[in-house]
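Below, chain A partners chain B and then partners chain C, in two separate complexes.
And now, the complex of A and B:
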């Protein structure tokens, strides 16, 4: 309940800054629109590239954009700041997890953005309705939803881990930027992984980024080879990443300097 | 008052490693390749214990180690060495059962939500601490009335004055009825009237709820008004631990004779009575040894045209400045 209350309070706060919400949505929409147009140019007169048709590209980037709102909460900088500025002091003495708090606050903000973005996404989907083709069975839909949920958990753990590196590095934005670059390249946000050079695909298999976006979006497109196996890998990456996070958190707390009075 | 020990600190140390760099561009380049560090001993071998229901003032100049000690007592910082036991728990374990029994108010770090009314933060704390509706409603009504903040509870925190904010911070910290309240500079920046109200509030909370209070403050008035015991530290070392009365008896060797004459008196003539602290025409303040202040007062009365005479104790502040702030 305490995190639900935090979620509601954040929404109350964010509603006071309407202009920010709109600008953020415009910023978020630019990249996928550009990517769709770029792939249309690449496609030219061809019906497909690497197994992706026009409809697949539109669906892919719509799913990535939608997934970005649902899955990705970029709260590492919030945690980094809380550590750097000592803002964590008050939370650390309460029965309240500061990392979960930042995650919930980011998700609340994203939820509002999603509500505003949904009509835009609906209009875009309607415009390209002849291209957008999603035909999944009940089981596939269920597995896709599970995969999106697992992707969201994995993304949150990666963000939390980057955030708490501030115990050592103080400024974590270069690490956060690097992680985002990896998410673009190895996570399939920039382009479907299967269209990337084989080297990238091999490296991506051993990194967690692929299991955040690419795996669930592929399932949505019906392109997942072995959905159960991919879900299993998502779980394994969650367990491993959470283990690493826990070790860093415990070691980090011992280094925490709690700046300020 | 119960004798149960609720805070026990033994040989507590906290050392920080901080990078060192001299001024200038070349020094910055050098530090990029070869960075030098130094060790700062923020708290160095501090031992004390606090009993249930006590109000203890934690005194010392800036950088003395007060806040660092407080942060170790609440689990924010890990000690370099030594042990901390608060209510039978090690604060650094961050156990929920422990966290629900303490509260921390910091003068410069707040838990209220800037854009929302304070009541929203109170309701969040209700969830965080798992406070029942009945307890919350009772505590909320009692605390808001005691601090007189009812009229501002619907106002966004950013629109509140510093005093109103601090009062709301206190309410947020006390809703779950903690056994120990840690306060770090609670009256910093507040006007005199609000300071007084906060002090009175703390005394009331201590008396009625039996809340143990430990507060750090720069304002001696805070400490004198609310606590009977002080722990003084400087450069990370404990210098004094005991009652204010004992402190004054030990270190306040002088008393002040505040005198008003019927006609101007030269200050050089007053030196035979004691050390002239200030002198201006018909008024003077003379410091005299505590043990024979009566004799000196009599001397003053017989040799000078005294119209009015007051005998005052040294202030706690003066004692601290003289004996502990070097």
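And now, the complex of A and C:
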């Protein structure tokens, strides 16, 4: 209930700055549009490149762009700031987790953004209706939704882990930046992983980033080789990453010296 | 002449101060210096991915694309190094939430635009400039060709124009704060708009083409200078680019002074 209240309060705050939200969505759409244009040039007269048709490229980048509002976010910096500025002092003595609070605030922002983005998504899909074809069975739709949810959990854990590294580092933005670069390359945000040089595909298999975006989007496109196996791997990565997060959190708390707050 | 000397002295003293700060906190410099070129690596991977599927991308070979991106990276990083910090702070100065109030800046005996938007350097960008220059060299070495002095001159002249475009773009976005209560998205929008400059100008058609090739010519950051270096564009086009960039600069300056009239100070 307490987090639900935080969620509602953040929604109220964000609604005060609607122009800002709309501009964020336009800003977020620029890079995928350029990517799609680039791949269209590469396609030329060919019907497909590496198994991706024009429709697949549009659907892929649409899914990555709008999936971002479901899966991703940028709350590691907020967690880091709470630790650095001593804001955490208040929450440590209350039945209230600062990491969860920052996560909930981010979800509220994303929720509002997604609501604003949906009509844009509908218009774009309508404009490219001759290209965009998603034909999934009921089971595949269910698996895709589960995969997106697992991707969101995995992403949240990675972000939270980066955030709590502020127990050791004064600035965590270089780590967050590095993680985002990895998400672009190994997570398939930059380009479908199967089109990348083979070295990156091999490395990506051993890192969690692939399971945040690429796996759910591939399922949406009906390109997941073995969906239940991929879901299993997502769960394994969640468990492993959460274990690492817990260890860092406990060690960090022992080291923490609250100033201010 | 005395005015110019004062401006030069202002930039020199600011640079000295930032270098001293850098030596006082070297960790921040090294962390940024090592992580920021990561985005260049990300784009290099994208170039390799694209050229894994084709050998010619809008008339650009793989090594041409390295030159294009290297040029883009160098000029973007130069703009960030010179203008980013002051322009980033501007939003908070206008809103009155910064330690530095805009009132103080307006009262100094120096041009308000110049003082409010430049004179604080983000030195870790030096590594990105070097990475960009390295990529240009890599492209040139791997695909050698004849380049004359005029082509090199045109290349650097277009880079100078590109620097003004990048500055004007962020400057206008931040000046919008005089008109909106809250606009957090300025910086991200600036970076994304520059992203159009990473690819050949022929990639953009219709309204988007007019926007990024002529109205706000961000393609001056990469595609256009490289095409001058390779002798692919007539020199007469330079006149058009000069006129457009000059017009943009004077329009942005007019917008700044026009917006200043709207500024209402509170506490300083």
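Side notes on the structure shown:
In this section, the second predicted complex is superposed on the first by the 260 of 261 C-alpha atoms of A that agree within 3 Å, B and C clash if a C-alpha of one lies under 4 Å from a C-alpha of the other, contacts with A are read in each partner's own complex, and residues count from 1 in each chain.
Rule of thumb we're sticking to: a contact is a pair of C-beta atoms (placed from the backbone, for glycine too) under 8 Å apart; a residue touches a chain by one contact, two chains touch by 3 or more.
What you are looking at is a predicted structure, and each value in this text was computed from that prediction instead of being measured.
When the shared chain is aligned, chain B comes close enough to touch A:1, but chain C does not.
By the touch criterion stated above, A:12 is placed in contact with chain B alone, chain C being left untouched. By the touch criterion defined above, A:125 reaches neither chain B nor chain C.
With both structures placed on the common chain, the touch criterion links A:140 to neither chain B nor chain C. Using the contact criterion defined above for the overlaid structures, shared-chain residue A:93 touches chain B, although it does not reach chain C.
Common to the chain B and chain C interfaces on chain A are residues 16. Chain contact summary for the complex, chain A toward chain B: residues 1-2, 4-6, 9, 12-13, 16, 86-90, 92-96, 253-254, 256-258, 260-261. Taken together, the chain A residues at the contact with chain C in this complex read 16-17, 19-20, 23-24, 26-27, 30-31, 34, 37-38, 41-42, 44, 49-50, 170-171, 174, 177-178, 181, 184-185, 190-191, 195-197, 200. Remark: chain B residues 16, 67, 71, 74-78, 92, 94, 96, 99-100, 102-104, 106-111, 113, 115-116, 120-121, 123-124, 127-130, 184-185 touch chain A in the complex.
Every residue of chain C that touches chain A in the complex is listed here, in rising order: 27-28, 31-32, 34-36, 38-39, 41-42, 45-46, 48-50, 52-54, 57-58, 180-185, 188-189, 192-193, 195-196, 198-199, 203-204.
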